[in-house]
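Structure record follows, encoded as structure tokens.
Order as written gives the chain letters A, B, C and D; numbering starts at 1 within each chain.
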């Protein structure tokens, strides 16, 4: 470790044959690791011969490197005086606008403003990853506007001096202070060094549940380290093709008392097409070193007119196929899906889970009443379902969670009795939270919002976010004449403008 | 009173320990009053050591100070030559636009134009307070657009030489010249020194009823002082936590012959979230002197997962809780709610009212057919109900009054027989007035419009506003072939585009 | 007539006591005429002491002056060299835009482009008068967009080599070459010196019927002077308070062979509120010399809460009342209504008409199925009805003609058998013409379009307009597989998006 | 051929009496050909005396000239040094925008971006021809937005490792790799020299079917020359007035093994009004040398009120009539229709086709369920129907193909069993492809998209386009839990927002 390298020397090792990178001031030889990288070889080759710390740090939990590289790969230190100046610009330039200066995070008034502030503070890459959704953002937009289509029905002459936003999750097992929770969203450290652990501190203060992303930029142990008594965490699982990796993670999670349930995400067995993310990658990306071949063998996607044949039962292949249609850069979203399984089905997956954890299971990503019905059939192992279209990031023009909730009410309302129904997507206001609860949701997930809070002001920004949303929720409950969240019901809303668009199984033949 | 102070000396008394302010050229020591201020301590501390006249004057009725301060608090006069120059800018700068000069108030053609003119004349603070509504202004906007969804049905070959906009309120007891009235809106002197009394003069000329705000910037006695015979006033009551204050006010009002009824406002037991107003306060506001604590005890809002417990049965607590989620500045709207009761219920409140006044009661803020039905059950003590969502200022996405009116027609049309139904919110045109009447409303309230008229040209502006709206109403009646307002009915409108969105109690289970 | 005046001398006679104007180079003393002017005194006083030719000429048929003034009022000639330079600017300045030069009128591609060209050529006053509609232009806009809501249903494998746009009006009595006609619109010479006679020449070429406005800027005799054999004219009647004037006009019209029917306009017994027009008047207008009094006696509009009492049975009063609410300038629209009767009813009016003409009557301005039914009851004296909301110029949010047509189909389809139904308003495309015909209209009126054509290029512009619309109509008919207009029917359109908004008499009580 | 001309000499022969043009460096005397030109005389006269190669080349297949001109018309060569500089600018200037440089074609992310890139590369003329649609582009726009109105219904816990976009056309006879095909669109060489043959190469790589336009800029033989085994082509027929020309073409096509079916286009017996195209022609066009006469004899369009009489049973007349209403320039679209038949009917046309080809017939342009039913009656000669409104280029406000498909499902679902239903128009996303298939379409046509691909990057651009659309289609199928396209059905979509707008035969009489 005594050796000290000039940046110029490192810079020469920028090929597949000899690939060095600088991380946290240390020079590594990663040549042998290139093809093992879960995120693909290209993303490493793009950074070959450079200081990759800024790219690497916010998306890898600490310790990742040590687990992956042999000791002899650590070559020595870099001479800091030889490093080039970094030029990391925020996503939106605040300087050239004539507008007022950014408000302090404690002066932010609502969630839209929080996003606006964060957009001017985080890197372009982080902004693109958080903001992006699939295709034309139709579902992302609809997730929000569907709430605007629902009217509230305030009652008068009701004593509203008391108001309590507390509720309990999973059949009363876990008390929480607010009916909203942090949905699993990847890589919080892209937004702010406080990361997922910072979100956890804000959750502690408000009694909010937090669902830890499978792709968190900190380890589960780090995130729950500061948990207060009674604080509620869930842990999100993307099942890996190499099941042993997932089993090892489950074992780690089982050992954490603060983690109360496992969330299995179902709505993205293959990645959606997030063009903002791809476009950002295209901008910063070098040319892919090896041109991809459309005719590459072994793909599950048959471009010649032949019957489908099974290839490797996993979606790296799918991903490779997908990758061929996309410019190869450093799109954050695409990288995260490397190695996740695309072949999950009901019985085998739940049986396998039962072997490896006794925690209750929450299934996330249900978008039809048919699947909600199937979820209910798997209670009590499955304790809750999250109606979600993945924040509009999986399949564009997929229905918002409220559509699915109304579909359940229309076709199989008994599901609401047999399993707890949570929703996420598009929540911007306390009135949105209340509307979802009035329709029968037990809890309401926040995906991008806590990341914008984090980006705007770290833990303090997330706290302010919760403070706003809780206050808005309380104001709404009081004006509806409701003291406790379990009193909310259909009589508090008018959803006719949405109801007429709900799926009608018989419509196409008898309009 | 012989003592004369330099501004520099006053300016040094700017702390909680020694707090002086200048009002109308007189220096007061308000140190002992800080914690008694109904609007909170912060708003005084922000003005400590300054000439507070501009802030104080338009929102306090004359005499307020004398009632509140001990004589020894009056320290002396200020030397005017030592005062700094004021810089009060209008809300919208007219100078940097290339547009035509502002039209004279008598040349204004419609209510939108009146708002436009007023927006360029009144202070930013007044504009923000008047313009603001809750959250995203969805209800405020919908209040207006719902009128556009309704079509008129003009009849031909009808003699329309005669047209009479006169009607009678409260079961024929009070004749008025026009079917629209001035809804209670606070603090008219923010817009123009003519204030509420100036509006009263305009009302006298057109025979319009005026509902005096509980938070008027002039006293009821001042406002009705110039009333002409037959002029109709109502007085709005926000019940105070300290009931004796309200009882004292009722006694004063009972003594005024011109006040014919009491309006009890129900739709804002806690303040809505008016971000334009908050944002304006944020801009001009100093930092709050004492950081607010989220964990402060005694709140009715339980952030830890505990069952709700009753705290003080009033909404200062609610307000404090709400305040914690908001930046603390001088937002006008928030201040006004200090001390109003949040625990009102049907029987006790109406019984208490019956003890303290024999005037007919008008209940304002009903937004569901269920509550309208309950109102009808309390006739004849309750003589009328105002369907209102508080101009969209209370709960965003609450229904416009026309929705509630159609709901009543759908579920309990007998209410229209048993109690008089008035509406307010969103009226911009004579056709809007006529549509509300055709749907069964007896009178139509104007909230912001008279304030914009006042801001644009004082009493003369309000007169022009009434002149426009009356002429538009007459033109509409004539073209519908209607001579008197009581002839208007459902056959004069086509409301199908609205009707399909009306609440359907059975919809969510059978779509 | 030998006397020649300097402009300076004329300019001194600019008061009510001595009022001179210059018209076509001649100086007139109009002092005694001021109070007799049908358009009101103010409009003359505004022009007192000036050359009024530009204001006077395009809105008065030749001969008007001679009929009204005593010979001694003609004082002499003006010395042209002393006249100030005129500065009449077009409505929209084409010079400061970077756009392409205006296309030649024969290169104009559609009706919107024709309006665009005309808007850059005609005076601001003409543009304001033609463009304006009542209030917020909601009905004017809806008149057009309702056509976009209707889809066409083209048929294939139909021989479409032949196509004939010809049809016959009034129960087959009058053959016309196209199913569209020129609706009565006032004062064509505001747009172009070719005037109504220029439109007539264009109509002759295409076999189009022309309805001559009661307020035409040329006399009926002048307009029909160049008629070709078989050319069809109607003459529009606004019944005057002084019935003898109307009877005299009917006698003149009866004498004209080319005039085949009389059109009685019903939808504007009082003028609508056309703010574009008023605003233009405000811009150019001087201050009214005598302030109008709101409390002026004898008004039919009672502003004090008294029962309605009949005043003079005519609408000058209504107009005066209306005038009080409007700035007094030279708004073209308001002036035209001076003296028209507001007290017309079915039987007396039709009986009076029968006495004074044997021409078939066409009633214009019906907007409900109830009135359409009444029209049918008065066949055969009444031969046709024009469903019209006066181009959106009378009552804003009145229904478009297509709504009324669908209402008739819904409630009393037999009307279509008993009387001919024409429509007008919003037609911009041949597809619009075809849609109206498919719904059952016999002919389709064009209001503003011929005036835009005239403004863009005189007679040549109107011809180009007809050429475009005829060609579009033919293309549409061919692609629907239709050879003759009488083959068009409901099967050629899909109007569901409109049908669900049609008035439902029972809706408000059973939604 | 030895003679060499100066450009100056050629330039003098620019009249109807002596008309020379330069093509590919050769000087031709085309005087005698002027009146025989299928595109009309004007378009030649406009180019008289100039180098017409740029105008001529991309819209005439090679060999066209040789077939049409006598050998003596070839006068000699032009001296290239005397030619003026060309100034052919792209449709949209990319230089004056501050935006990022155009992405490489392999970096393009979606079809909208492909259009954007192409718009900056192709000539104005090409852009106008491809972009244009009839009238106000209402149908073109609706073709796309109707897809946004349909929601997808993703299923979870389904093994989606396999995905196969392959399907078979025409009752299983022809396997294709993707369910989308290239719809017949004219003159690909306007976009790029690779032309239709370049599209064919891209189709070969993806197994996509290609429908060759009747107005292709290359001959069928040239286009299919490089076909791979199994590659599927259809050939589009616009029946000519001179049937022998069509019969000769059919004979040529019958001889080509790669052509598997004949597509008869029905939805444009007369050309629609494409104003973008006309406007472009107006811009570059010289004045028409001979003013057109509206009263020209022999037209089938009777402008005088006479009964229709048959003229020549073909649509040049119609075209001439149409031409009279349009400025005469070089609009590409109008030229292409010269000589196509407007008198086709079911039995005679299909019988005539049966005589001249044994290939299956595909009928394109059906827009009602009535015609779809008639198509089904002509199976099996007719093997498929393409529901199409001609990309919105024929009749504006005609229904999108999805409307017609839902109409068929509503009124005569058995059609889907008896004939294969294809759709085209408005497809921009893989989700659009999947939605059409789920509604029952067997294949989905792409009209403009391949031309934009070609314009953006030649064959490589088309390949990238297919790559994107195939990947999007696969992602959508996987997320719906579908492996093969034949598994897609109504349960995968929610089309309620569209269904309520579908034609209802009984609606207008019972709403």
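The definition used in the following text is that a contact is a pair of C-beta atoms (placed from the backbone, for glycine too) under 8 Å apart; a residue touches a chain by one contact, two chains touch by 3 or more.
The model shown is predicted, which means the values in this text are computed figures rather than measured ones.
K.L.:
Hey, what chains does chain C share as contacts with chain D?
P.N.:
Both chain C and chain D are touched by no common chain, going by the contact rule given at the top.
K.L.:
Going only between touching chains, how few steps reach chain C from chain B?
P.N.:
1
K.L.:
Report the chain whose CA-based centre is farthest from the CA-based centre of chain D.
P.N.:
For chain D, the chain whose C-alpha mean is farthest off is B.
K.L.:
Would you mind working out whether chain A and chain D touch using mostly the same residue numbers, over half shared, or mostly different ones?
P.N.:
Since fewer than half of the residue numbers are used by both chains, the interface counts as different.
K.L.:
Using only the C-alpha atoms, find the rotation that maps chain A onto chain B and quote its angle between 0 and 180 degrees, to the nearest 5.
P.N.:
90
K.L.:
What whole-number Å value describes the gap between the mean CA coordinates of chain A and chain D?
P.N.:
Their C-alpha centroids are separated by 44 Å.
K.L.:
Measuring centre to centre with CA averages, how many angstrom lie between chain A and chain C?
P.N.:
62
K.L.:
Which residues does chain A have that touch at least 2 chains other than itself?
P.N.:
Each of 500, 502, 504 in chain A touches at least two other chains.
K.L.:
Once the touch criterion is applied, which pairs of chains come out as touching?
P.N.:
A-B, A-D, B-C, C-D
K.L.:
Mind listing the chain B positions that touch chain C in their complex?
P.N.:
For this pair, the touching residues of chain B are 100, 103, 106-107, 109-110, 148, 150-166, 168, 175-178, 205-207, 230, 406, 409-410, 413, 429, 431, 439, 467-468, 470-472, 474-476, 478-480, 483-484, 490-491, 494-497, 499-500, 502, 504.
K.L.:
Which stretch or stretches of chain C touch chain B in the complex?
P.N.:
135-136, 138, 266-273, 275, 278-279, 282-283, 294, 300-315, 317-318, 321-322, 324-327, 342-346, 349, 363, 365-368, 370-371, 374, 389, 394-399, 403, 500-505, 507-509, 511
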